[in-house]
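First, the structure itself, so that you have it in front of you.
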């Protein structure tokens, strides 16, 4: 591509990026305002600038505690989802039978169920076996999120030549080894994607953990919603809290991007 | 250490109308070095893949040491394979690609390293051990694929055109290395190639195939000197054998466009006995059995023909004369000293004792 | 229709320490058929890819008709290319793969179909036009890759080992087809091959490379008969030229292990003039210039040596004797009639008029 | 603790919907544990856009039901009937102010304890009214109000106002609940229970309601249809941009957050003038405590003890007023001072017995409110539908819902 | 991998078990409840198809359905077009690529309510301010009627989800072997032709996935609807999920809500699975 057109494209991208960022401008700017300041004008820069919101929010959210909870749940959930879904997708993609087609459709259909319509039977079931806690929650996330993940993995597996499996098998690798040593590493770009999508889904989730977690295991969003009473909404704290809570995810995302490797199948086959 | 038997093997790919392999039979004795040759698309890779267990056998039995292996998983067959399309692991370095099979078997790390280093040295890959396949040249990739197979002590080696992307020199080296490997390990090897020299020089036996069917199985010598049919005769040898349609007239082989060469006594008797007197048949003669030197013209005066040189190629010691007699094109491989320019009218002598004859209906060799 | 100039081209891949191509120069005249040969990994594909515009040129200028093209997009160079690894479009049928370039140029549908059908017929792909690449054999895929290039009327054709996966027969046909295409179109073609026969028979000029550097550019005849250095001499010709280290002693070339052959007058004079008298140098002689027939032994009595046959290969008309004299291994390509068993002690005659001499320090050809 | 049963450790849980008070409830629970070491109370507060009912239902159906939960109105009382313990023997019940138990009484059974009281009216800006020379206590009829509104409107610019009112047309609940109570409640004696059990709705005072809506809309800061609660309270009223808004004491914390001085010095509340209830303020119970009858006996007892302690003990009462900042619905708070002027106003009206009830609790938690009444009011506000149709649809909808019940 | 083989089932077990526990069994229970008068805690009688029949008279449900369909069509088109464009933009090896990628993805990190709050301010204040400054009347009074409410929802959804769709496209884009694109370039294909003829067909699986995701998410959308318009004004922007939730929780009619979600599920499943089936058929396996 020409250098100039690349340059233009870069500028164009930045312009769109600015539009995209505008709401974040609101979040950041208002998180430094007093409540009065927020409502005097949302768009303006903070007139009396205050950093107190961050401290207050940090305390009110019991930030370190709920961060730890969020962290444990997210990491456990995402790891489990990645592992189980990639395996499941591999089994389904490398098998061309009616049965596997059916199972895939089953997974895909599950994505269409509105959560609200299963929420009561679901919690009832888990409650009966005393699983309304982090462990139960992680299992639920696996159930809800594995469909999308399998779907994503399945599509990518299509483009990984079966020759890879064959070569490994000839070399004496078991299915297990073939998968973990050869296929799974080749899935890394989509794994990063799956991880990111699941992290945001779990990290931000409110409704499900609110039904499942005891208060001692509250996550950041659950704590955050304490800022939203029926009448009194403490936006100044909520926005500061939001800024605090999305920071880890952004850092992760920036970090993960480096691992999205280009062209994983390059050089594999003629 | 294994005997390999393929019995009445058929293969039809889902979606195809025809069998890609039909009624394939082969008994490979312990330690044999078998070559598969045949035109592109004739089913060579397919058979290799069936032996490896990568492709289902539609019909027939594949046995190793008399045990039917059709349903044994590839990993339990203890076979090493070089894939025609390499199938390298793109996310692993060259070293890891080659060490993979050994690591899987929990081979001692130090030993693995030793073996890989050794193989890499042989293959000229020592400088590339830490690269990923994407940063290698075509030939380097192919060598990695070869290296992956040779570091292992498998029972059976399957090599699908392992040297096709290498230059002549490297090829010669590699050929020698593979031959050494075969000697050292004493294992069976099955080797697919389109390079006749490879097949002719290395094979214990060659399987020559066409459109999914075996045409002939034999030693290089047999295939070259006693081809079973016209296909084999035409396929083995480069440039290929020349064919002339015609018939026997008296003691001569003649065709419509004026070719007339005397058939030696012995041959004539057999042909007459088999009833080919006056029946259409095909004469085959290899380019190297057609001569242009005066000595030869003098030696074989009864088989001298007039020809016109169309194209002439100088190939080191030899010269190829793409010639025409009547309306038939043929090639003569003559001494480079007997160089002729295109357009020259020349005389050529057929060394008829080396001639072959084929039935026009069955394409089978008569003599 | 184009003149292609490559001027002081360098290429270093990101991540590598060394240049993969350095100071590459080539002037290709309009309509020339240029071949690149060289050992695996020497940079042939890299240059092709730079010409195509797929790889950035690190340093130097690439010109077409005197216009610097370094920054012109590949699609604007009007170049057709056969990729070493095929790079077929997996989601398209064979037909669509081949028709793609024409469709992109909004070529008339009927004409496209005609051209593709014609190419498919030549390539023996007519039965596979509706298949996807995944359902083809290796050689079939390669032919599709070739077909994709030849249906187009490009200004310049780049062919990266286009025939490496084909059997001898098909290869010969394809070679002829490419030659015809070249003749018909009169366009420049650059052809990478590791097959010397291909290069020797088809090339106008051959570029012979080693580790990223040009060793010699010349006609096949020049390369074969007047190699500029030991590398070229050893690379061209198969089996390769034999080399003997030694020195001139009187009118003889001698080495430590007892080799002693008389150097013809003319050669000796030149060598002496150039000061190689008594200086270490290398004698090169091609296998085909070593003879075993009695006639030869008689003709060249002053250059007869004693040798021991290690391995003997019968190759149709010729026989390869892998022999040893003193502690030096060499190959003699003799008439098949002069067959010798391994272990035989024989006499061989060097045809010294064909001998080459190389400087030991520079590897350059002395004579 | 003095009974023998209390020697055993008991854990009770509270599930409630006032997230605002989450912190305070937790403090109270902790404190209670200090004085009653064998009782541990965990508090879970639901809020932030999630409705309370589904969470309670999930908790119940998953066998994780709280010991103490809350009920909003007759619909809830009906819904959770199976889990409501009879509380009639509690001291707190006996102390409850008259009328506050109507909704939760069935026969001799009392199944709920009022959280607190809330009152609403026109919350006004004292400074503006003073500048305009209007005494809010005189605005006891629609006409007087109308005159005052027009007067203020005339001085809009000099008072720096964007409007006299701020009508949050985006969220119609201020109309469908609070305002409608004044006109609909008449038929049912302002009793939620009565309304809940009634098959019909006459809505005879509908024209008065229309008048009041029109007035607010006409003199409201614009655009009405885009305005939500937050704009109304935070952005307009609290910043002195409107003279008055129709709201209740619950907005005090919000105003305080934005400008506590403004709240202390500048904010007052007077009743919305309505025929027949001149000078009276609608004061009602937004929520009731219920105790889970399916829970362990010891837990039930501990729960009762806790609630009794909260509303009748000296320490508990202090917390109710100072920590929770509730307007008490119980006797024994006569000399308490409310935390903000709005609560004080409502409390004063209650003490003076110049109050009437909240009938609209009859339809919180039924589908009529969100599915019929609010959309119809919204359509009227947007000008898409006549008032008559609005009334007709609403009364018909009510009839249908009640018939289906 | 044969489905007779043990490893096939071993690989599938974790997800299959979780799915059954978390989705399949609860859905079956929900299906059962839809034939009762369940109120979320208990039920007293079986009512047969009553709930299903009453659906067809439920104007709110029907309105919500059509509104949702409109919304889905619009957002599926916009999201895929914009998401893919962004993906292509940030895979151009620009200096700013990583930065842009992060920016485009960031909206996903804000959940539910806060999102609605921020966008309300944008619509009511930023738009109004902009409208005043530029004298554009159409920028005024957003979210106050069905049309602006609709587009408001679309804008928020597009803003939030295109980054999501983008990263899925990116993942697949990066799987295309470079050489195939190069071959097309040699064949003379322009950037656009390379995209339509090579890249796009080769990321067909991504297209399938994204179509499905946008389709099913569009149908299921809840948070944005709740926080931005809450269905208002007068339920004109109420979508299916919100309607179902309101039926269950505002009206306490859980059985009817289950019936609605079953019907909803069937409709969405029919559309989406058809789409998946159709698209998957076009994909090539290597």
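Labels for the chains are A, B, C, D and E, by order of writing; each one numbers its residues from 1.
Throughout what follows, a contact is a pair of C-beta atoms (placed from the backbone, for glycine too) under 8 Å apart; a residue touches a chain by one contact, two chains touch by 3 or more.
These numbers were taken from a predicted model, which means no experiment stands behind them.
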Number of hops, chain B to chain E, where each hop joins two touching chains: 2
Two chains joined by the most C-beta pairs in contact, as defined above: A-E
Relative to chain B, chain with the most remote C-alpha centre: D
Whole-Å separation of chain centres (CA-atom averages), chain D against chain E: 37
Computed distance of Cα centres, chain D from chain C, in Å: 93
Whole-Å separation of chain centres (CA-atom averages), chain A against chain B: 57
Distance between the centres, which are taken as Cα means, of chain C and chain B, whole angstrom: 22
Shared-contact residues (touching 2 or more other chains) in chain A: 1, 119-120, 125, 161, 174, 206, 225, 228, 233, 261, 263-266, 269-270
Per-residue multi-chain contacts in chain E, two or more chains: 40, 112-113, 177, 179, 202, 248, 254, 283-286
Numbers and ranges of chain B residues touching at least 2 other chains: 84-85, 135-136, 138
Chain B to chain A touching residues, read off their complex: 52-54, 73-75, 78-81, 83-92, 100-101, 104-105, 132-136, 138, 141, 148, 152
Partner chain D, residues of chain A touching it in the complex: 35-36, 38-40, 60, 119-120, 123-128, 132, 206-207, 210-211, 214-215, 224-234
Touching residues (chain side chain D, partner chain A) in the complex: 17-20, 22-23, 42-50, 54-55, 57-59, 61-64, 229-230, 233-235, 238-239, 250-251, 253-254, 257-259
Residues of chain E defined as touching chain D within the complex: 39-42, 60, 112-113, 120, 124, 140-145, 226-227, 230, 232-235, 246-254
Of all residues in chain B, those that touch chain C in their complex: 13, 15-16, 37-41, 44-46, 84-85, 124, 135-140, 142-143, 160-161, 164-172, 194-197, 200-201, 220-221, 224, 234-235, 237-240, 286, 288-289, 313-317, 333
